[in-house]
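Each chain gets a letter, A, B, C and D, in the order it is written, and its residues are counted from 1.
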Amino acid sequence: MKTPVPDYLQHVLNACDANQHGALADYIPELANANPNRLALALSTVDGTIYSTGDDEVAFTIQSMSKPFAYALAIRHLGLDSVLQKVGVEPSGEAFNQIALDPQSNTPKNPMINSGAITTHSLLPHDEHSTRAEKLREFLSELAGRELSFDDAVYQSEVKTAFRNLSIGYMLRTVGVLEEDPADVVNGYIRQCAILVTVKDLAKMASVLANGGVQAATGKRLLSRSVVRQVLSVMMTCGMYDAAGDWLTTVGIPAKSGVAGGIMGALPGQVGLAVFSPKLDTHGNSVRGVEIFERLSKDMGLHVMEGTPSAQTIVQSRYTCGIDHSVVVYELRGVLQFTESEMLLRILEDEPVANNHIVLDLTNISLIHDVGVRMLFEGVDRLIADGHRVAVIDSEHLLEQSRSHAGHEVVVREELSQYLQRFER
Amino acid sequence: MKTPVPDYLQHVLNACDANQHGALADYIPELANANPNRLALALSTVDGTIYSTGDDEVAFTIQSMSKPFAYALAIRHLGLDSVLQKVGVEPSGEAFNQIALDPQSNTPKNPMINSGAITTHSLLPHDEHSTRAEKLREFLSELAGRELSFDDAVYQSEVKTAFRNLSIGYMLRTVGVLEEDPADVVNGYIRQCAILVTVKDLAKMASVLANGGVQAATGKRLLSRSVVRQVLSVMMTCGMYDAAGDWLTTVGIPAKSGVAGGIMGALPGQVGLAVFSPKLDTHGNSVRGVEIFERLSKDMGLHVMEGTPSAQTIVQSRYTCGIDHSVVVYELRGVLQFTESEMLLRILEDEPVANNHIVLDLTNISLIHDVGVRMLFEGVDRLIADGHRVAVIDSEHLLEQSRSHAGHEVVVREELSQYLQRFER
Amino acid sequence: MKTPVPDYLQHVLNACDANQHGALADYIPELANANPNRLALALSTVDGTIYSTGDDEVAFTIQSMSKPFAYALAIRHLGLDSVLQKVGVEPSGEAFNQIALDPQSNTPKNPMINSGAITTHSLLPHDEHSTRAEKLREFLSELAGRELSFDDAVYQSEVKTAFRNLSIGYMLRTVGVLEEDPADVVNGYIRQCAILVTVKDLAKMASVLANGGVQAATGKRLLSRSVVRQVLSVMMTCGMYDAAGDWLTTVGIPAKSGVAGGIMGALPGQVGLAVFSPKLDTHGNSVRGVEIFERLSKDMGLHVMEGTPSAQTIVQSRYTCGIDHSVVVYELRGVLQFTESEMLLRILEDEPVANNHIVLDLTNISLIHDVGVRMLFEGVDRLIADGHRVAVIDSEHLLEQSRSHAGHEVVVREELSQYLQRFER
Amino acid sequence: MKTPVPDYLQHVLNACDANQHGALADYIPELANANPNRLALALSTVDGTIYSTGDDEVAFTIQSMSKPFAYALAIRHLGLDSVLQKVGVEPSGEAFNQIALDPQSNTPKNPMINSGAITTHSLLPHDEHSTRAEKLREFLSELAGRELSFDDAVYQSEVKTAFRNLSIGYMLRTVGVLEEDPADVVNGYIRQCAILVTVKDLAKMASVLANGGVQAATGKRLLSRSVVRQVLSVMMTCGMYDAAGDWLTTVGIPAKSGVAGGIMGALPGQVGLAVFSPKLDTHGNSVRGVEIFERLSKDMGLHVMEGTPSAQTIVQSRYTCGIDHSVVVYELRGVLQFTESEMLLRILEDEPVANNHIVLDLTNISLIHDVGVRMLFEGVDRLIADGHRVAVIDSEHLLEQSRSHAGHEVVVREELSQYLQRFER
């Protein structure tokens, strides 16, 4: 069988193909030369499978879609508090190229508008070997899983007409948000925007956000969960329309667009998405890109408020073994966040007070959060207090620390079958 | 074993108990008489389990927490489009009691500010027997699972001093958003706000939102998924602070507060939450209530951008049976939305082209969305096209329609074991 | 000879007659019944001569043109400081019917917008016999020089549809600017607006403002100079367009319009003006009325920044008399403000240090300001110090106090000729 | 006698001397080195007399006080309409250094804020020999009656830290208000601000505005009346506080301040004023300067709404002469604007219809406006139509054109006495 997902994406693309509204970005001369008919769509699952269709090999400049990743890199580099001192998190209610300083703090309202993005660029790491734009290119290359490059023609073209960004830069210098030569920072920011990507690159990059910061293909954690949460939250309210409520209600996918015609979105726990079509609406968003996002959200239930009640699945099976059936095995499955942990503990409540041996098998747990660890061991402690012995099978080494009670090691690094052998005979 | 969840909630409550900041609401005389030390917390899982602690039996007036439910009832009554013509979905960036009409449309910016809530009240169903406030009371009673009542003292007290709401009402009449006597609508709205609830009631009401509109205790669908998505989206950007980005980044739980000291929140797919503590901050939100929400979000990973990758769990097991092992059984588990469906279809791709008999068992599927149904049968069609026979075991009647191919009924309403018996011998 | 001024006014009227733009006010049903072709113009000199043309006997409701006079009466009643605590003086930059509270003080921005005018109405004098509207009617009757009356049909019509003003009233009550029942105050304000006037009435009323508070016909001071200055200043920046700068640069006459189609203006020291034509532009100002004001300003140099250098005229003649020509007479003429006083003192500088007898004749001085009195006597003192004797001829009793030096009374209440007789022979 | 005016000014200065509030401008390093105790005041009458006191020989940079003069020069150079296409006339309600573009037109709101002033600078004349700043220096030198120079240290200091002005410049370039290199224009503007002046220079410059565009000392018209009216109007609403109404009601003198501590004001028809004291309030206005303006306005009745009714003085004397007393002589005096002309024509109405010879003597008329000429000759025509002969004695050549009726020349360029000789004997 061949999965119908690519056909489905192609179907969505075809449905939007007829939409000829919008106009090419004209404020950067080089962008006005783009082929207006380009159309591409890519989707990445959180486990790293990529589907794509249309002009999915065509590279275009990332432009403002670089902003959430630069924000992520800046937070990773300096910490959230330092970044928040320079850039806020509120929707500006203004067009993307307004200065929009917060009247109280005199700092940019959020990192998705240009003033905030220029400031964020100034917070990127750099050293004698690499500029900030180069450091970001390296980070994006890692996210995309291939070496990305700059489009020098677009960069040169934009530098020559960057009056608005220079205006913003000098204003940021005036209020002390920037402390160095604004022209240098603005040039660096423009270079950041000129990184070349395809929709497949963007979908991969977005899927890292959707997957809580872990790159599925490599299993590497590239961003902490809290950084990802911050970036997705800001994308949700500040990423697309000036009107935060409109995008949230009708699409409900944290997203960011770029004036070259791309839109990149990440639905936490589910998918990374990217579209490309150069003609823009008056907000500066790709016309067909927005239409595709609306269809994907509506047709496929991809919306951040479409919560999946996953708790019911936490206990895959419970069975007893051992000579007198005093060994009670719980095979767990899925992720262990608050909701699942609460469910597990509620199920364990039914465990009678007795001298049983309770085995909690984490082998099929794909992810365990801090709160999951805490609640799991709180349950373990209570089971022990009730008179049970407890073993937590952690053959995959999800738990960082061992735990012991009364000389017994609770966390077992063996396979379940291996561990259970000792009770047979 | 006794689950530690109540103890954990008690711990959070104790940690916030010392916070003596804030002041009682003084603009409604009756509220100024409240006991400022009251403190309560309730949590409801999406499957209907309630945990609560503190003054969890104390009733107080629902006030602005009635707004999202009135919005839901109005949409259910008139449809989303009709409601959107009268009330927008954008954050107002202004205090809760400002008029905040959208300058283009001359309609209230959202249903969470008073102008929008008064307008929403006017859109509630009513008839010769029941006022709009009474209709809402009935709806809230159904959500809470018990008969709620009005607090007449608070109602009478607020009616006498409702200058601001009257001002708003007359302005709405001026611009044509209201078409009847504003004083009547405002009085009805004030009565709506005087419905008495406890934190347990609120947590139950919120859990219906968290559970996609289905009341877990009764299994009844009280609101459609799309209404719930709309309500939660608007709560997310307009429900709490004037600053939408602040609440989303730091708490990330769609929520609404009331001036009597309550805050109600719903995290889709996970929990309904409610707190009660009468002293308010300058935004009009309960001081300790906000602190509790921040702790719950931070400590327990309860944040809308903390996505749970649930897809990995969709195929609980795959095994063959029958004489020549030509019957291939897939036991599915969990929910079937886009992400899980995509995973399932990808797994089915590995099914060789051969004359096998593929059995897809939905018995442990807790929820199947529209997109899930569509994708499931798209897969079925392709398997058949590949030369397989296919059976979808739907003993729980999740699927509304039967499906047949070449004289064979695909959907089987038997138990899996019963169905498989025919292949044994 | 017949003065051409009436012909000139008729000419202006004719030139604007063809302008059919605009629409009748429709928010007060009764006003929508007005004859849209009405057109009238009246001009009053500061000395009380009235010119008028067109429908100059047609009475219409004063509406918002009552605002500056109510403001004047409130200041006269309570003092400027008390009034400023309730209503500001800044242009609102908003349409006339917006609430426009100052964000710092929570008070209306100025008395020319409805929120400020309703507040100002509440500051009018009233007693058991007369409502505030009645007190204002009496004051306006005195200004117009005839008994004015209310239009009950317009009043009744407006009371029924006063939603916006009620909205404003309740908001003012909310923020504490009003402290009584807002509905009562709003009704009183609507009654104030229903006073019937003709353009001749309005021109007379305006001419009192133009004449510094003195009614030329009676010579009575109805308002102090400082009240008039305050009222004219506020009319200048807040009276007409939302755009203060536009009216000041293009017309430059402090003015106020009413929705019945009137515009009333007062150019200090020069003229009172009134026009009437019911069709309004989108600002709510009479279309032809605005055109007439623009023509009068442009064609006739009637603009507050067209200053008249009047100082050159202060000394009408200087001559010596007496036996040895030691009596030096200065016949003065015109007004004696700072500029003229400075000129006088400069001329007196040329008076040689000698034992002359200096006579300063005020007979033809039409007005002497405080600063004029002070500077005059400062000059007198210096002349005496130089060795002169000095007499100030004040046969018209312009000076309130007598002044003496070394036993000699400086201020002489005789006619000049009578005084000079003693030096002849 | 010595005029007490200097003593009075000294008195005002002394009264304000104790005020130590405020702080030196710090955003231009060089200005922070100023002597904070400097205090100077100068007043120029419209006829060119200068009074000054305090540090009246100390030169300081003109800064923003150059704005109204640059605006005047730009209008003189390009015409008002061209300038209005680039810069508006509305108060911005914002601090002086905000960008404040009008949202409709995308042009600066007025020429007194920096965005408008930089734009205005770009509209100044310039050629291969002289920059715009140089052209303005020449114009200001002419106004001041002496050769002014630039302060290079202040210029250099400001150029280095002109981040805000550069920000504004680039924004103006973005929206197309500037069409050349913004850095060049900003540098030119900064040079314009570095012109050195004393309070006496400023008072002289202001007195040209007060005198309707004519320099009293030379009798030269440097600006047309309409340009002056425009400049004074804009100074009135946009020159000082962000709050236009406050300055108009409390001071009522069109004025402009500079960050070096100067304030320059011009009251039409009356005086030019200038003060200097370097310590600034939070609005960027000289603290003691504002206090001095408030005192001068209040104590000396110098307020634009303190209109001087000058009409009463127009006819200095009327007498008959000739053999049969058929020659009627009207000696006129003062200025002849609308108000005075109306008065004159009203007096002429009493002239009986008869074959008299009416002589209107303009010898003592100091100024005759367009409207005065028109109305005068309209009266002449009517007198002739009534059967009179008429002669207008214009020995000073106030009238540009001759006028004849029935072979008789109406305008007579002789002295009155010479003309009257022919009727004697």
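Here is the rule we go by: a residue touches a chain if its C-beta (ideal position, glycine included) is under 8 Å from a C-beta of that chain, and two chains touch if they have at least 3 such contacts.
Here the structure is a predicted model, which means the values were calculated and not measured.
J.: If you apply the touch rule, which chains end up adjacent to both chain A and chain D?
T.: none
J.: Taking contact as defined at the start, I'd like the list of chains shared as neighbours by chain C and chain D.
T.: Common neighbours, chain C/chain D: none found.
J.: Mind checking chain A against chain B and telling me if their interface is mostly the same residue numbers on each side, over half, or mostly different?
T.: Interface between chain A and chain B is built from largely the same residues.
J.: Hey, how far is the Cα centre of chain A from the one of chain C, in Å?
T.: Those two chain centres are 68 Å apart.
J.: Which whole number of Å gives the spacing of the CA centres of chain A and chain B?
T.: A distance of 24 Å separates the two centres.
J.: How many angstrom lie between the centres of chain B and chain C, each centre taken as the mean Cα position?
T.: 64
J.: Mind pulling the chain A residues that touch 2 or more other chains?
T.: none
J.: In their shared complex, at which residues does chain A touch chain B?
T.: 1-5, 8, 45-47, 49, 88-91, 93, 110, 210-212, 225, 228-230, 232-234, 236-238, 243-246, 248-249, 252, 254, 267-271, 299-313, 316, 333-335, 337-339, 342-343, 345-346, 348-349, 351, 353, 366-367, 369-371, 375, 378-379, 382-383, 386
J.: Any idea which chain A residues touch chain D in the complex?
T.: That would be residues 99, 163-164, 166-171, 173-174, 182 of chain A.
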